[in-house]
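Note that chain A is present in both complexes that follow, paired respectively with chain B and with chain C.
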Partner chain A sequence: MSLAHNKTEDYLFKGLLLVGLLFSLSIFVVLFFLIRSGGHFFISTSISETLFFDQWFPSEQLFGLAPMITGSLLVSALSLALAGPFSLILAFFYFYICPLKLKSALNIFMDIFLSIPSVVFGLWGLVVVVPLLAPLFPPGQGLFTASIILAMMILPIGFKTFVATLQTIPNECLLAAKSCNLSEWSVFKDIIFKSYKRKFFVGFLLQVTRAIGETMAVLMVCGNIIQYPDSLFAPIRTLTTNIALEMSYATDFHRTSLFFCGLLLIGFIFILLLISRTDEMKYEK
Partner chain B sequence: MKNKIFILTSWLSFFTFFAIFFAVTGNIIFTGLDNFSFSFLFNTFNNSGRDGGISTIIISTLIIVAFALFVSVIISILSAICIDYFSKNIRITKILKLSIDTLSATPSIVFGLIGNIIFCEFLGLGYSLISGSLTLALMILPIQTRIILIGLNSVPKDIRLGAYALNLKPFTSYFRIKIHLIKKQILSGTFMGLGRSLAETAALLFTSGYGVKMPSSLLDSGRTLSIHIYDLAMNVPGGNENAYKSALTLILLVFIISLITATIQRRFNLGQQEFVWN
Partner chain C sequence: MKYLLILALITFTQHSYAKKNQVLLTGSSTVAPIMLDIASEFEKLNPNSIIEVQTGGSTRGIIDIKRGLSQIGMISRALKPNENYLKHKTIAIDGLGVILHSANKVTKLTKQQIKDIYTREITNWKDLGWIDKPITVVHKAEGRSTLELFLSYLGLKNSQIKPHLIIGDNEQGIKTVTGNPYTIGYVSIGAANYNIKNKAPLKLVALDGVKANRANIINKSYPILRSLNLIYTGNLAEPSRKLLAFTAGPEALKVLERHYVISPQ
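On to the complex of A and B.
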């Protein structure tokens, strides 16, 4: 192998670097195409009217997104309320209380649970959970069912994040707590929760990000009726399921409005990402 | 007292997790195993999926996933090298990392929209296996890039300094030296991407389409296993039995892949060390 300067390799590297740069910045390509197809929506209708308007009748040129946005936010909030504390306690259990023999089992099963495809959760919800809830709270498909399924899907994500956070705790700190004979509850409340509040918050945000973006499982169990839910079990529709349901036959302006829904989703997620990053930014300064 | 309640709650959450786990997997596995025969895997599609098997669907799934991985491994290595190359410039690194993070948090249905508009319409590929796999490649790009980046960051300082001392060109130091040190990360990233792309449905709905024939070229439409399950469960009355059988096939594939991923990560110590009392 010669170490002499080789011009062609130089050019090749620059070319490859450019390709790499293009793909690392592919979110901008994504945004460009979304705005190209959905940006028309900004000009033709007033945004505030669309976001707070509750009539969605594409054939009559009525594009109110408010019920869908409400549905998305409600489902993610409810699923976080179910899965968030649960995964935090489970992570602490794994880290501090769990006997060594059970530890690897819990870890492996969590890995497997994380890998179950969303469409399989949806199928399970549709065939098992919906008929179970239908006689008690008709029609069975609705906000609560979707939240349960979503909670199960975001549980392992929270668990993994929280365990990764807990593993950064210095060993001495825990040994000191052990030698002071602190109880598990006070280790959790006074040491871990107090100093890692911020990081746990970021973990919860990550779960919400996943919950808002989830499509297939929600689509199969949420009922898909456009309305403000009047009870916990009422059918709803979310932004993601709206895209999945109507994309196949949408044309012209209707299609544009669906791309606008996509933009809105990316917007939500970008805001969540920025909130979770403010902490890091402070340290960098 | 509070402590006892807390410990009880945590044990309870542990058992609840296992209950949920076995409720889901047990239901899928046992219902799927009813009347399951291996001819299901090798028969062709019939009567909108109510009878017959999934041989053509398995083949289109394999084509889509293999092509997606082939593309995404190459571009993720390139983009990881690009991010590593610019790592001295904090401002550029910040933008690149934010862009990769946003891409990895983007919902899969948005990838479906994007794949539809870029590959199906802008590039004129139509509903085809190739647009599906390119969309998937874009989707698993950030996951793989992150893992490979971790590998590049953990390259020992001696090697960087040695390469610098020998006045090696960046091409040589990246593609002749460092790439051999990050093989493990590339492997683990590939398996992660494999798991993710097998499980994906929403991104493929409007890119690879619902075709059920044996694909003869990359430009044919073809559905993956996950789309098949969705279609049977939602659009085909009486398709639940075959939906369960397909779900069983998919779940077993995905389980095996996730176990392989976990084994790779543990074997090569890619994960973080666990805290052990002693």
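On to the complex of A and C.
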């Protein structure tokens, strides 16, 4: 009986291993597919003609990606500036100050926030936030609106990672600090933040990776105009929304150029992950 | 393991059974909601069949037919000369309407005025006889057949248009215009009327003095008209052929009326 039991466990383990392996392989399949479909774009046009060129009119054979790259970077940076510090403060509040009753409420609230699909955020932005902003800062859709919506989406991610980080701080460390009669502010500033700042940095990076890859919510509130924004409220287009808007309509070389946009995005995310990994490794040493 | 196999077998056989009576339609986001309603009427009368409708634009409709991914494609324009090897069936006539927020006092525009608005020669509503507020120009994303029709009406290239906002499908355009009283946009007249009926603060503008109503589409005096087509290749299987015939029937006619598009007969 016990032998049979072991056998099933064995099968289960092997099965899971296989599934896991397939999953990790699928990333390479995606990457291979992207390179195969988008790489051609890189060969047939020069870098200066795409990455630093600002005219995107596929029907007239102009494929400049610079405004979209700028848009993606700006919107991610701005949303991090809005959500990053706030999520860190919220995590500290949650961990050290928050009364127990409010604690579970806050936790549930964050969980719900995390599980809302991005389209819902986008639609909410389009029918609630945009009409509020439109009379004050026409046209209402643009860099700022997209950043607000994105900030709301990445806030709980930061919050969760920061709380997880705070949980790893040994209590003795804090007690020792308190017994030295340090004020709460200096405990936070000189001990927690200084010794854990790399881990917090990783939390921020996670937020940026999420922001840069977000599509549907941004599509509905960013205005989608291909331009360098001349103000905080000017419409922009990001690499992701460019793909979503045009992919199903694109043929031939236009399609190739959109796959190249995807390749660029993966490149950005890869760089971000690389930074966070090397940083973590430094930290572990 | 055994159970897993049985489960897999069941789902597989069900799948292949469903395949026989399944019709997949892909294409234009203007035609899709109409076909979705026609399909549900069709399914009521043919309970064994499964009709699936996916949007993605006219270009996708054509690509999917070419690759054999769908049985019927939906396009909101006529076939181009290089696509003539495809067969088509016109299910409805629709117009392209210029839309404003219902709070807007402007009721009619000329072709030249629209041209000036979209190239930012006119940038303020006061130049059109309303209040002193900047105009927000809403345009469609590249590749949409609605956009191509609009451009050919104005006689402009896409790079000459200077929009403030770019939207994807009709629904997003309507939400954008209803959310901001100073915007101007263009969508399918059918889609616009459908939303007006559902109390959206929206109105259609008369073009060159011709109102965007049913009578003017039927007598073809409205300046921007287009046919909504279903496309297919070669010999259609049984359920697809039945569905195609069904689109000219009395049940389909009611659906067309509900969506404010005109039957081609």
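Everything that follows uses one rule, which is that the second predicted complex is superposed on the first by the 252 of 285 C-alpha atoms of A that agree within 3 Å, B and C clash if a C-alpha of one lies under 4 Å from a C-alpha of the other, contacts with A are read in each partner's own complex, and residues count from 1 in each chain.
The rule is simple: contacts are C-beta pairs under 8 Å (C-beta built on N, C-alpha and C of every residue); 3 or more make two chains touch, one makes a residue touch a chain.
This structure is a prediction, so every number in the text was calculated from the model and none was measured.
Trainee: Assess the superposed three-chain arrangement around chain A: do chain B and chain C clash, or do they fit?
Mentor: clash
Trainee: Quick one: is A:57 in contact with chain B, with chain C, with both, or with neither? Answer first, second, both or neither.
Mentor: second
Trainee: Once the structures are superposed on A, label A:237 by its partner contacts, choosing first (chain B), second (chain C), both or neither.
Mentor: So A:237 only meets chain C here.
Trainee: Figure out whether A:204 sits in contact with chain B (first) or chain C (second), or with both, or with neither.
Mentor: neither
Trainee: Output check: A:220 vs chain B and chain C. Expected answer is one of first, second, both, neither. What do you get?
Mentor: Both: A:220 reaches chain B and chain C.
Trainee: Who contacts more of chain A, chain B or chain C?
Mentor: Counted on chain A, the partner with more touching residues turns out to be B.
Trainee: Contact-wise, after the overlay, does A:134 reach chain B, chain C, both or neither (first, second, both, neither)?
Mentor: Second partner only.
Trainee: According to the stated criteria, A:103 is in contact with first (chain B), second (chain C), both, or neither; which is it?
Mentor: A:103 sits against chain B, while chain C stays out of touch.
Trainee: Would you sort A:126 into first (chain B), second (chain C), both or neither based on which partner it touches?
Mentor: Both partners, chain B and chain C.
Trainee: Figure out whether A:245 sits in contact with chain B (first) or chain C (second), or with both, or with neither.
Mentor: second
Trainee: Quick one: is A:19 in contact with chain B, with chain C, with both, or with neither? Answer first, second, both or neither.
Mentor: So A:19 only meets chain B here.
Trainee: Which of 166-174, 202-210, 220-228 or 238-246 in chain C clashes with chain B after superposition?
Mentor: For chain C, the clashing option is 166-174.
Trainee: Mind sorting out which residues of chain A both chain B and chain C touch, each in its own complex?
Mentor: Residues 123, 126-127, 219-220, 244, 248 of chain A touch both chain B and chain C.
Trainee: Where on chain A does chain C make contact in their complex?
Mentor: Touching chain C from chain A are residues 11, 55, 57-60, 62, 123, 126-127, 130-131, 134-135, 138-141, 219-220, 223-225, 235, 237, 244-246, 248-251, 254.
Trainee: Contact residues on chain A for chain B in the complex?
Mentor: 1, 3, 5-6, 9-10, 12-13, 16-17, 19-21, 23-30, 33-34, 36-37, 86, 89-90, 92-93, 95, 97-98, 100, 102-103, 106-124, 126-128, 152, 155, 164, 166-167, 169, 171, 174, 178, 183-186, 188, 209, 212-216, 219-220, 240, 243-244, 247-248, 258-259, 262, 265-266, 269-270, 272-273, 277
Trainee: Under the stated contact criterion, what part of chain C meets chain A in this complex?
Mentor: Against chain A, chain C makes touches at 1, 56-57, 59-60, 63, 134, 136, 141-144, 157-159, 163-168, 172, 175-176, 179-180, 182-183.
Trainee: Would you pull the chain B residues touching chain A in the complex into a rising list?
Mentor: Residues 2-3, 5-7, 9-11, 13-14, 16-18, 20-21, 23-25, 27-28, 31, 75-76, 78-83, 85, 95-96, 98-103, 105-110, 112-114, 116-118, 122, 138, 141, 145, 166-172, 174, 176, 195, 198-202, 205-206, 226-227, 229-230, 233-234, 240, 243-244, 247, 250-251, 254-255, 257-259, 261-262, 272-277.
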